[in-house]
Amino acid sequence: MKKISFHPCGNYRETYAEELAIFDTWFGRISLIVFLALLFVLAPFFLSPYLLYVLNNIGIMAIAAIGLNILIGYTGQISLGHGAFFGVGAYAGAILATRLNLPFFVCIPAAGLITAMVGMIFGIPSGRLKGLYLTIATLAGQFIIEYVLIQWESLTKGTMGITLPGPNLLGWNISGDKAFFFLIFICLVAMTWFAVNIMRSKYGRAFIAIRDNDRAAEGMGIPIFKYKLLSFAVSSFYAGFAGALWAYYMVSITTEPFNLGLSVEFIAMVIIGGMGNMPGAIFGATFITLLNELLRFATGAMMNVSWIAGMGLNMAPLREFVFGLAIVLFILIEPKGIAELWRIVRSSFRLWPFSY
Amino acid sequence: MADILLQLNNISVVYSDVIQVLKGVSLSVTRGHIVSLLGSNGAGKTTTLKAISGLLKPENGEVTDGNIIYAGVNIQNQAPEFITRKGIIQVLEGRQPFKYLTIEENLRVGTATRPGKPYKEDLEMVYRYFPALVKRRKALAGYCSGGELQMLVIGRALMAHPQLLMLDEPSLGLAPLVVQEIFHIIKKINEEHGTTIVLVEQNANMALQVAHYGYVMENGKIVMEGTSGELSDNPDVKEFYLGMAASGMAKSYKDVKSYRRRKRWL
Amino acid sequence: MDFFLQLLVNGVCVGLLYGISAMGFVMIFKASSVLNFAHGELLALGAFIFLSLVTWGKIPVVAAFLLTLAGCFLLGFVIERFFLRPLIGEKLIFVIMLTVGLAAMFKGLILLIWGGNLHTYPEFLPPSLEMQLGSIYIAPVYSATLVISIVFLILFGLFFKKSSQGIFMRSVADNQKAALSLGVHVRRVFALSWAIAAMVACMSGIVLGIINGVNVHDLSAIGLKVFPVVILGGLDSIGGAIIGGIIIGLLETFTGGYLSPSLRDVVPYIVLVVILMVKPYGLFGLVEIERV
């Protein structure tokens, strides 16, 4: 297949293969490979353990955000239950690992599959509900799953939580941030690759058709209910996969983190990153996770400054305020998300110094 | 020349920054007259009305050139709230009632340009013009017939005490007898209140009967103007809009070839 | 039987309260199709402003109540003007996300100013409101709720049926273009709907505060309870909001009373999903006519 070295200035694609290509130019492909190589070689050895921990969190969140992006950005179904699906994955992974003593490389995909099943069950209302009504139905799903996780004590140990064994690959014990970095980022690359390729397939095109106009899609012969369910399944698979990874990484899990707040954070990642844009989901996950950490860091630092602490104010709520403010400002200023900013920056570099 | 209420000077209208619909339209409306705007579908009649009433903006349209002067004030690209308060009310095409409001509530929305003023007398006035509405006053507009709805939307506009009333195809989809009644009332409103009326119509015959003056539009331009008498005597208008051949007989398809040639303004 | 009746009465009272809180929500949705996730925080804000005025400002209760209502009315205006108006015409999900962000902002702000502790109002309801019907006891707060909700229902009914502004509001919700053509000030209607909604929200926040004490987390959780209420009633029906509220209130008190208290927060959602599967637009919602 022909590969060009520069971006064409118009649409000069002549074959379907060109239309489907992920990278327009060799440069794009090579720079991604270089970036990944640098990431894998440099990051684990030069970053402090704390930064590596943040990076790992970003990786896990990015996997889940990619899943939600498939549902919201590509299929157009707004789900408020992604955090709960993440939790289902974490618990599924933990239970498989502790009860059945399965190795982690079975547990994590299996957790993804179980979550996909659960996701399909809660996706059933999408057959009849649309728009906001569906959103609220998934909100109901969030609460129902949370309740089940807390109350089904014989399985989930309720609020006690579960402690997972360390993952073990052919006698090599994966533990510590560095080892997990490789595990998480290999998974992220694989999952991103998979997602990008789904979107190039018949299934991806069906999703996009449903997003743009589901009635018309139905008229074109796309069985929309089946594809909506499939979209729910794929998206929850990603959530479950990420959840199980997270469970292994955190070693012990409780039901607490998988609340509506997490679901909202996932949506924020997708929107701030850029809906219907794969790198966008990763940008969004990076942004939200970094923002969270930064605010935690900042409020911690402010508490140590004597005159602020002396005022007797509790600085923790400030974090929530700034988090909300960041989302609000982002939406007001650039609703298309970071992916759009990235595109603008890139193209202004590419065209420099002749920007017209 | 009698005093001019509304003057359009060479306006052009562009939708979404790319589609030019009006290409330099100029027309003037004399106070107290009925002016009709004729033309086939897509000629730009409705767009002209929307340019005047300020309703282009919600549809991403804009007056890019020329100006619209109403009673000595420039009003192009103003917000509809401003323009309606100056006394210009447009009755939208295709009868757009508030379906879930009753007839009387629909009429009350017409008082939006002068909130807080008494409206009882105006209601009486509208019911006098359209007696058919009286017995339906408590019914939801969604359940009324087309004729009743057309009367409703005209009545709703009258509630605003318009100086300039713009009617967009009031005869659309109505039975001939109802059309006649509606036009009769339009004429009456004009005579009794001195309301200036701009009338957009497909039904050229009816329109020219009530109007004082007329404009013919094609492809976003005004191609012909004249008093109603002049227009209805014009052989081209007769042929293309009134549906009569030059001799006064129904047109035969034998002459179909001459059809385009005779439209000499194109 | 008495237990049943007591639960019934409590359920209806709680439900009416939910219904009132939901009314503001429905108003915003009706006028501008915005799903307001910051509703719970508006409730909390109202409750806290009232708290400050009464306990720290030492302002008489009635004056404080009116002041709070006025303040929230203004707040609604400000929110619409600065946050919602720039987004008119954008995709729904952005607007939803924006209200989510607003919710986080308000919650942070409230926590910053008032902290996360439980506060209580001083007793000010006259004990004569206490009612004893046979064996059923109605606490003064509940009868006050009953009175307030009925008053507000009537006020709202009159407002939407009789007043010009109410009719303009309905006309905008019905057919925005036609409303524009008649000179209805659509932006003003949006702003007004936010203002009134904020006012109603803060009022229900105060009543909830009287019943359960004032706490940010509890009050903002009510904001989430509004969702099943309005969806059940149909997003665009104010009467539906009240009925939906009563249904949810009854479901909650009965599951709390007969099954288990831990279930009471989940059962409404389960019932909601079941009802939605049968009636996709809620019990009283307008069925949208869709054409390709």
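Just a few scattered comments:
A, B and C are the chain letters, set down in written order, and residue numbers restart from 1 in every chain.
Throughout what follows, contacts are C-beta pairs under 8 Å (C-beta built on N, C-alpha and C of every residue); 3 or more make two chains touch, one makes a residue touch a chain.
Keep in mind it's a predicted model, so treat the numbers as computed, not measured.
Chain centres were defined as the mean of their Cα atoms; on that basis the chain farthest from chain C turns out to be B. Looking at contacts between chains, the pair that accounts for the most C-beta pairs is A-C. Each chain gets a centre from its C-alpha atoms; the one nearest the centre of all protein C-alpha atoms is C. Note on chain placement: the centre of chain A and the centre of chain B lie 55 Å apart, centres being C-alpha means. Taking each chain's centre as the mean of its C-alpha atoms, chain B lies 44 Å from chain C.
Separating the CA-averaged centres of chain A and chain C is a span of 33 Å. Residues 72, 78, 124-125, 128-133, 135-137, 139-141, 143-144, 147, 150-151, 213, 215-216, 219, 260, 264, 267-268, 271, 275, 313-314, 316-328, 331-332, 335 of chain A are the ones that touch chain C when the two sit in their complex.
Within the complex, the chain B residues that touch chain C are 53, 55, 58, 80-81, 83-85, 89-92, 96-101, 105-106, 108-113, 115-116, 153, 156-157, 160. Those residues of chain C lying in contact with chain A across their complex are 35, 83, 86-87, 90-94, 96-98, 100-112, 115-116, 224, 227-228, 231, 235, 262-263, 265-266, 269-270, 272-273, 276-277, 280-282, 290, 292.
Chain C meets chain B in the complex at residues 164-165, 167-168, 170-171, 174-186, 286.
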